[in-house]
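As structure tokens, here come the structures.
Next come two complexes built around chain A: one with chain B, the other with chain C.
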Partner chain A sequence: MTTAVLLLLLAFGAYLVAVLENWATSGRFQLATPAFSALALLGRESVLPRKPDRIFFEVAPTLLLISAVLAAAVIPLTPNLIITDLATGALFINAALVYVLVALIMAGWGPNGAYAMIGGWRFLGQLIAYAMLIVMPITAVVMRAESLLTTQIVVSQAGLWNIVYQPVGFVLFFIAAMALAFLPPFDLTTAKGELAGGVEAEYSGVRLAVFRLGRLVLIITLAAATVVFYLGGWQGPWLPPWAWSAIKILAVTAIMLLAGRYMPRIREANLLSWCWMFGIPLALLNIFLVGVLVLVFS
Partner chain B sequence: MTAQMFFIGFFGLASVWFGIVVFRTFSMVRSALALLFSQTALGAMFLSMQAEFLGVLQIMMMATEMSIMAIFMVMFMMDPGGLGEMDMTHQKRLSLGAGIVAFVAAVAVAVFVDWGPIADVAPDAAQQTVDLGLELLGRSMLIFETAGITILTAMIAATAVAIPPVKRKPSKGATHHEH
Partner chain C sequence: MITGARHGKLSGLRRLLATAMARDLKVFVIPGPDIARAHGLDINAAGLQMVASPRHASVLLVIGAIPPALREAATVIYAQMARPRALFVLGTNALLSPLPDADMTAELSQRDLIEGVQQLRQLFSAHAFRPDISDFDAPVLQIRLEYTCPMHPEVIQDEPGSCPKCGMTLVPRETQANMEHAHMEQQQTDSGTDVQMASTHEHQHMADDTPASVVYTCPMHPEVVQDEPGSCPKCGMFLEPREVKSESTHEHQHQHQHMADDTPAPVVYTCPMHPEVVQNEPGSCPKCGMTLVPRETQDTHEHGDTDSHANHTGMDHSAMNHDEMDFMSMVDVTKDLPRSTDGLPMEWIDAPFGPFFPGLPGGLLLSLTLDGDTVASSGALSLTESMNLLAHSPMDSTDFMEQLANMDPLTPVAYRLLACRALENAAGINVPADTARARAGALERERITSHLGWLTLFAQQTGFDWLMRRAGSLQLKFQHASLEQIVALKPAIQTLIKRLQRTLLLKSRTVGIGRLMPEATMRGPVARAAGLHDDARSADQTFTTLGFTPAGRKESDAFARLHVRLDEITHSLMLIEAAGAMESPTLLPVGTASGTGDATVETPRGPARLQLTLTHGQVSAAQLETPSTPHLDLVDPLMEQQELGDALVAVGSLDLSPWSSQQTFPQ
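Up next is the complex of A and B:
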């Protein structure tokens, strides 16, 4: 029952993300547009490129969707509204989201097209840049909660949210999450203006619809993870827990989508050097500071 | 119990099968990702054995590692797409012999080592994570640190070897005499 409710909420959330993304990119707030776009995609022919790696080409969109949904499985919306409260929850989110990379490499390699392949390998290049900035800030969050349980992580922020307790970790995680969802300014994987869609370039029809759905779910999952790790999850005054979760997740999504609009795209080589020269040292510093704070105040 | 045995066997066979696929395909990316799924199946075996942390960790770590291996294979192999049907095997007899010896040795270790009393019930997942942490920072620390440093040294050495040597011109005013 909980699983069904959460999957429905996830689908609804993905729809809202589509509305927000449309709003952020075109400036028009239209509630029905994503539905019409989806219908149009489903109605179109799904072209199979010449000499594809058929297995990869077919598996990639589904794998993207599955990994995003799996990551969402350990995210609590209220103390009880969670698909499975794994004892390794915070690690499991990483494990599931790494397969986004595998899916995009498959999507890049599969269709036997240059644009797609460049897009796929670019995503790998970006991953080498930001991967540590996902794992290390989560390590610091887990240190404070002294548990990998995501529900425990939310409870640990009862007195003070992690965004205040470890702001450096929050900033790094937020940037890395945007890169993982290949949102602008890190959208070189799809690169609309330059690679004609990158990994999406050779997909059409129902396959593209699944791919886009997977990405929307990925965005909302990452926003929800940010809320759980840094913004106190379901906690807040007056309103019920589920409402706080919903408000926070949608706010984070909106900020993620809007932030990209006002920033220039970052070349993956620059991202790589900045992440390794500044990001990782900052992440280590964050772990050290949190360690000191945990030891002093507990 | 039987369901557990079934899943351990199933993922074990899946792991072996994907290991075979590595050498049955000509495409470098397929080969790398087959190895990934072999390792993922190993992670699933850990999960079937109720070792949650180890399973999730295995499934997480291998995805990045094998993907990075895939791009290196594509970069350095002359036929990454496998359209030329390049043979993926070499030194067949040696590797066959090494494989058999390693298999026999692994089975021998599994069968003949005295593993001590076998636990009836696995500790719960959170407790396992705690135990593992204490183990890594206690008895096994030296082994893990040695392995980590060795890998780091190998990576730095490999990078150093891969960079083409640059001939430096002697700078002006340097006391350098050529004979």
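Up next is the complex of A and C:
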């Protein structure tokens, strides 16, 4: 029952993300547009490019979707509204999202096209930049909660949200989450002006619809994870817990989608070097500081 | 009726899908959004959503008549689109063969575009599905099979058979028709890019004319190479003959060295961890203390230092660890692959970027050879037709001016002005000062428009959405703005420039990218970004009295070019206000005058010079120099060894106009 409710909520959330994304790119807030776009995609032919790696080409969009949905399984919207409260929840999110990389490399390799392939390999190159910045801030969050349970992580922020307790970790995680969802300015893998759509370039029709859906679910999952780890999850005054979760998740999503509009795409080399030169030392510093705070205040 | 309808009967659910598709029209613009804006079209406002990949598009929008080479490229794009697809042509009724007949045509104006979109929607909801559809085909889409030997890639023939060199059965391979075609195109043009293109292709079809010699090598021990047949000193197997090309790969070169006994390679000692440590005697590394290993040095460094580095790793294996190298030698496996500058062998791919690439000017084709995502070599080519300056000789002066004005849709006013000036110069007419001022105003307005258009394209390339919308809408507003409107738009420009100065990542994206050597041939803003203050306007009295000073930067990179253009927008605003009038140039009557005329106009891309001979009021000879022609040759050095994204920003920063390049016609 909970699973069904949450999957429905996830689908609804993905739709809202699509509305927000449309608003961010076209400047028009239209509730119906994503529905028409989705139907139109279903109506169009799904072209199979010449000499594809058929298995990779077919599996990639579905794998992206599955990976994002799996990660969503350990996100609590209220103390009880969670698909499975795994004892290793915080790690599980990370483990599930690894398949985003696999899906994108498959989507890049599958269609036998230069633009797509470069897009796929770019994402692999990017992994080196963001992967550590997903795991290391989560480590600091877990240290404070003294538990990998995502519900426990939310409860641990009752007095003070992690965004205040470990702001460095929040910034790093937020940036890394945007890179993982290949949102602008980190959209190196789908870059329109550089790769004509990159990994998405050769997909059309139903396959593209599944790919886009996977991406939307991925964005909302990462926004939800940010809320759980840093923004106190369902906690908040006056409103019921689910409302707080919804408001926070949508707010984070909107910021994620809008941020990239106001700057050019990052250079691949800069992303890598900055993440290694500044990101990882800062993440280590964050872990150290949180460790000290935990020792002093417990 | 839509020619490219999807198979099926329109009923039930399909009716709903057709309605959705009619609402959600995605468009791919040919020759490109830059041309659409130059014609004053706002595609987004017309309700069409532009996409970067033809696979995502349902409408192919063709703007104006396009030359044959672009038509063929457009046919490939059309074939890539998913059905249902429609062809929407603006501004021409000419047949666009080999493209199919247009599903919808309209005049080249925003109002007609909007009306056309309405009708397209009706077409889609009524005819998106059709039970009787036929496949679309065109000669340019044909794929040709050719046969090649797996061991001798230089053997290529049209029929199956066996290899004349080793007797193996040839395997079929597809050649993409459009690639073939691009190649043909390059052979037709006689510009300098030809040579570069040919060299790119040699990576694949190794040049046949290099002399080959036969050496004998062990199948298990590739390091064993000798001139005569015999058995391997290591395992006793019979040595197999192998052909060696003097120039093809490094591995071969290395064997050459072994064979040439008269040039003994000197041995130096180097650290396996620190390749920069090199000395003449054995010893240990001053950095890590490891024992230095011997390495043979190459006498000939024709492929540069980094390549010889690649070679040395190969040498190490044969000199040092040949006993462990028996199984799956990477050296052996990768020996025929081209080497990057970092010494890694990689599969190189040829990828065309253009002529309708979303981040490049429409009509420009970059043929890139990519080594991973680094550009190994490139060739730039304009696929727009090389128009004959004189359609017939002698030519009526007004016709001549109109023709030149229509040559480059990106900057029509500048070329119209150029024609007027040259004709008036030939006829010995003195232009009244207020007319000259009004013409200067119009030229400066076009400069603002053109630079804003460049900003939009740059934003599109780098995914900078806000700038794309802002600069794009300002460009459309400036295009036909009156003096009052321009004054009213001034704050918007100032806000835009201020905003750009504060934009995150913009500096890191452009600083140091696309740096040009001082000796490169540069024109216009590109030259002024390199500290050269040459601007044709400095020599023009009309401009000097208006208080003109050329903009200037020194860094000669994409950042400097961006800022030169921003400065020029500000300057142009001042000049327009000082001129106090704007008037598109009209030719003063030249009558039946004869003489030679010479005029230079600083177009938004740099100085364009027109020399012509006027005989009894008719143009009998003409010669034109445009700034984009020399800039086209800068593309290859700019892109070489750059990461793809940087390379595209570098090319973009030149602001090439494919429409006014390659147009020199000596008489």
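Heads up, the rule we're going with is that the second predicted complex is superposed on the first by the 298 of 298 C-alpha atoms of A that agree within 3 Å, B and C clash if a C-alpha of one lies under 4 Å from a C-alpha of the other, contacts with A are read in each partner's own complex, and residues count from 1 in each chain.
One rule holds for everything that comes next: a residue touches a chain if its C-beta (ideal position, glycine included) is under 8 Å from a C-beta of that chain, and two chains touch if they have at least 3 such contacts.
In this text the structure is predicted, and so the values were computed from the model without any measurement.
A.B. asks: A:Trp109 contacts which: chain B (first), chain C (second), both, neither?
C.D. replies: In the superposition, A:Trp109 touches chain B alone.
A.B. asks: Scan A:Tyr262 for contacts with chain B and chain C and give back first, second, both or neither.
C.D. replies: second
A.B. asks: Thinking of the overlay built on chain A, is A:Ser26 touched by chain B (first), by chain C (second), by both, or by neither?
C.D. replies: second
A.B. asks: Residues of chain A touched: more by chain B or chain C?
C.D. replies: Of the two chains, more chain A residues are contacted by C.
A.B. asks: When the two structures are overlaid on chain A, which partner does A:Pro237 contact: first (chain B), second (chain C), both, or neither?
C.D. replies: neither
A.B. asks: Considering only the touch criterion stated at the top, classify A:Phe56 as touching first (chain B), second (chain C), both, or neither.
C.D. replies: first
A.B. asks: Quick check for you: in the superposed arrangement, does A:Ala131 touch first (chain B), second (chain C), both or neither?
C.D. replies: First partner only, chain B.
A.B. asks: Check the residue A:Arg122 against both partner chains and state whether it touches chain B (first), chain C (second), both, or neither.
C.D. replies: Once the two structures are laid over each other on A, A:Arg122 reaches chain C alone.
A.B. asks: Just to be sure I follow: which residues of chain A are touched by chain B in one complex and then by chain C in the other one?
C.D. replies: 121
A.B. asks: Spell out the part of chain C that touches chain A in their complex, as residue ranges.
C.D. replies: That would be residues 6, 14, 16-18, 20-21, 23-24, 44, 49, 51-53, 55-56, 58, 80, 82-84, 128, 349, 351, 357-359, 370, 372-373, 459-467, 469, 503-506, 508-509, 643-646, 648 of chain C.
A.B. asks: In the complex formed with chain B, which residues of chain A make contact?
C.D. replies: So the residues of chain A touching chain B come out as 53, 55-56, 86-88, 91-92, 94-95, 98-99, 101-102, 105-106, 109, 121, 124, 127-128, 131, 147-149.
A.B. asks: Spell out the residues on chain A that touch chain C in their complex, using ranges where they run on.
C.D. replies: Checking each residue of chain A against chain C gives 24-27, 33, 35-40, 42-47, 114-115, 117-118, 121-122, 184-185, 187-188, 191-197, 200-205, 208, 260-270.
A.B. asks: Spell out the part of chain B that touches chain A in their complex, as residue ranges.
C.D. replies: Residues of chain B touching chain A: 27, 29-30, 33, 36, 52-53, 56-57, 59-60, 63-64, 67-68, 70-71, 124-126, 128-129.
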